[in-house]
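Before I ask anything, let me first share the structure, which is written out below as structure tokens.
The letters A, B, C and D name the chains in turn, as written, and every chain counts its residues from 1.
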């Protein structure tokens, strides 16, 4: 099979390499010439423009978009659209909002597959987990590529119609936030608890046979190993958690569906809290002051 | 009626003054001579020791303890015990744990009333809310004093047997934590929201007729008035909330009774969070690092 | 002053009565003829249509909309619009979303005041709390009416430009949810705790002098008095909390502003939880089943 | 090595089998004769009493207790104590509270190892994760047995002094609660969301390469496969989560250490909520009633 890949960043490049390794042909394009040259070196056919990409792919184009969510996806689709018809298939492998994917699927003449992609750069070796939404025939047609990019046939499935792939990926990320925060709470208690523990040893012991073993816990173990070995085993890692868009979408959707997700919400709130203004959290400042109001307790003040 | 008051701090002194104002006699003792002298000036009979206090009160002693919870209560009771019999009544007006009160009620020969006291220094003018546990006859006997110390007959009641007064006060304080944090959340959103608002004006408008009006909201209004008038209307008030023992007891009891109290718990957790070590919350530091682990997102680090 | 009131439901009727009582003239319209007739009996000038309302008010119309949020507001404004110019003032006293209010303010030729109204039917006697957004001149012009409808001059204020009144009201309602749930947690613990308490007595005692006294706590006291006097003092009141739109808006806005509001969120989640499907909460059903998965703990099943 | 195993329930029996499989000798005792006979069949040396167990083991006894936490551990130790000296080693492989383990370590003459054991019955094949507290020499001495019972040398480690093994296991379980509830929230949203999804397929796709893959997620996949295949894929599994002691201990310890653990707390609160009385959650019933109090909203009532 011949696959066009549009977007050759870290994730796009993994798609290229795994597709090539499975014996398929890849036509590669990116706005960054160096990225195109590197894909060329890896065995892909380099092209200089979207027009050339489309020309190279001929009829029945199969195109994988791996560009940042939002505007870049719409921009790529605008370039592609005049060259697409109903025999073509476009995959969006990024973190798009599912409602954007539904809209794009309706707007394009091609069959549109929204493909939630999880696994991060580690997927280069292991393969990704792919959650795909869109027409069944298009999913079936691209299965050889999905087999290659995912961990194998078990690592991808069609979730349902347009938008369902990114919908499931959105919820995946909400769960991811809360799993991370949960491990964090456990280790925070251990780090501040009654015993002087080696957190790397704790994580390793848990990762071998314990109920809570997981890939994220392996990453905890790795973090403790790489960041330090003293009581505070995270070295200079700051209390500042970036990101949050997919978790926010998850909570927004849970509000719409009236489904309680307090753990996912709280893990998102912790991120917001980690990015509070320098003066701190206003709510707690007010609680501090109110204790004076009714009890004449001393007010802690900034120096 | 003649009342002995043991402990003449801010709260004890209010008990003295309100009891005197209602036409009763007060015998006053404190380890601090100045506090005794001040009570003397106010019209109380000063005494130099617990022995003298007991002697002055004669038979059918009525004694109000207003000393810090814990050790000081046991110490006062140890001094009093040889001088007490079943016709005497001892009131503990402090923030004792209800299980201590049950124990003390069992250990003393006197009738023991555990009396949760709410209202803070503002109670000097308005009177307190008194939640009383212990024998009915002792509660009835002391009602004239409770009428004087509380806002009036509506401001006190017998909750039930020994410990119930401090039990209800404990839950009161758990509720208090969550009410404060709730107002804090609302004002935090307004302070960081889309409009440049005058928070004092918001609080005043709400306090006049709105569903959420309350004494704590009046204290919010006061805080905004006294601390500042610009966008950030809490001046240099720090994000550091002290205290937490009664809230902790509330959550502990809720765990025992298997009653979910997530709002009360979270308001306590916010206090703990406001007192995190300088390196910040370990849980969030780990989440920060894990985002690198799976996604190669840049790790924010302390400088 | 002459005020047109459009919408004569419970809240609209209170606006009519309080405005009349303050010596102003009211022109009253509603789609329901009976409501118009009742307002006529109360002293208002009845009209049969929006056209007649506008005609009666002449130049410099002052019109108070008190219709359900959403479509009805737009419908009323569509009827009014051809009859409005820049000397007219329209007040929306309902629970509109602030973004709708911003849009409507831009679309109408009249000066538009979005007016958050709190206090419920109890406001008939006491007066409401009014949070007003929009042009200063229009707010000033309507102040006599606001004085009448609110508890008095302290019970209303201009929060800021268009939308700010409904914005502050939205946050008010989020706070309201969490205050209710907080009192609920406290009383749930007391109802399931170690003592057999009279919850009405607890609430009354707290309402007289305690730090947590509030109007909502007075409503708790009333609820316990009216619903029952045994251990379970809420009779047949169901665990089913309706409503939730303004609380949802509050959380949505807090997500946008990245402000943590865990207590408000959780109080909303409790409402969702109280409306779970008959099979219960899926999350807990899965946790139940997972305990079998790793520990062979017996799975509780529906009969 | 010769190991005495006291307690031959499901977990104890796995200890026996894995120890035998590694070429060690096992002396097996249980109050249940059938369990002893079964261990005999499996190759262990059966004994009829604690006295006989001790006699069979001779000097330098190595004894693994695998009995329910609490009273049974103390009872077993009371029987053993007269027969123990400082050359003996006792392992408690159950879910004891760490403070009990500290006490028992102080009270016994033997070297005492508290050993948190995770992995459940699945550990029969895979081996357990063992978190061990107590003297280094005793841990080293028993390492061959730990190698056999755990997944291997990586599956066990000495956490620190007495109590630390059960301390780390306690926190492990708190984390376990929150991980389960987190997956539950994700699947609850998917089950009630916009798409008709096959949850088993979702779980399988995630388990192959996704960031959130874990053993618990494999158990989710198994649960969906075994319980049903329709939209509601948990069949008649009830919303009733039993258990909670170790999670309660975790939260209690976090309160002592003033470490915020809102996700772990909430997952425990969900269990409590799933076991609410038939009338439901009092807090939400009160919120329901309060909405009538201020807004005259209809009160939902039990039929």
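As a convention for this text, a contact is a pair of C-beta atoms (placed from the backbone, for glycine too) under 8 Å apart; a residue touches a chain by one contact, two chains touch by 3 or more.
These figures come from a predicted structure and were not determined experimentally.
Asker: From the C-alpha centres, identify the chain that is farthest from subunit B.
Answerer: The most remote chain is A.
Asker: If you tally contacting C-beta pairs, which comes out ahead, B-C or B-D? Let me know.
Answerer: Spelling it out, more C-beta pairs touch across B-C than across the other pair.
Asker: On a C-alpha centroid basis, what's the spacing between subunit A and subunit B, in Å?
Answerer: One centre to the other, that is 48 Å.
Asker: Can you check how far apart subunit B and subunit D are, centre to centre, with Cα atoms defining each centre and the answer in Å?
Answerer: A distance of 40 Å separates the two centres.
Asker: Averaged over CA atoms, how far is the centre of subunit B from the centre of subunit C? Could you give it in whole Å?
Answerer: 33
Asker: Please list all residues of subunit C that touch 2 or more other chains.
Answerer: 119-120, 181, 183, 185, 188, 192, 211, 215-216, 259-262, 266-267, 270, 273, 281, 283, 294
Asker: Based on which chains touch which, is the overall arrangement a line, ring, star, complete graph, or other?
Answerer: Looks like everything touches everything, fully connected.
Asker: Over in the complex, which subunit B residues touch subunit C? Could you list them?
Answerer: My answer: residues 98, 118-120, 123, 126-131, 133, 150-152, 154-157, 159-161, 163-164, 167-168, 171-172, 174-176, 178-179, 181-183, 185-186, 188-190, 192-198, 201-202, 204-217, 250, 253-254, 257, 259-264, 266-267.
Asker: Spell out the part of subunit B that touches subunit A in their complex, as residue ranges.
Answerer: So the residues of subunit B in touch with subunit A come to 10, 119-122, 177, 180-181, 183-185, 187-188, 191-192, 215-216, 219-220, 222-223, 227, 232, 234, 236-243, 262, 267, 270-271, 273-274, 276-277, 279-291, 293-302.
Asker: Sort out for me which residues of subunit D touch subunit B in the complex.
Answerer: Touch list, subunit D to subunit B: 211, 244, 248, 251-252, 255, 258-262, 265-266, 268-270, 272-273, 275, 281, 283, 294-295.
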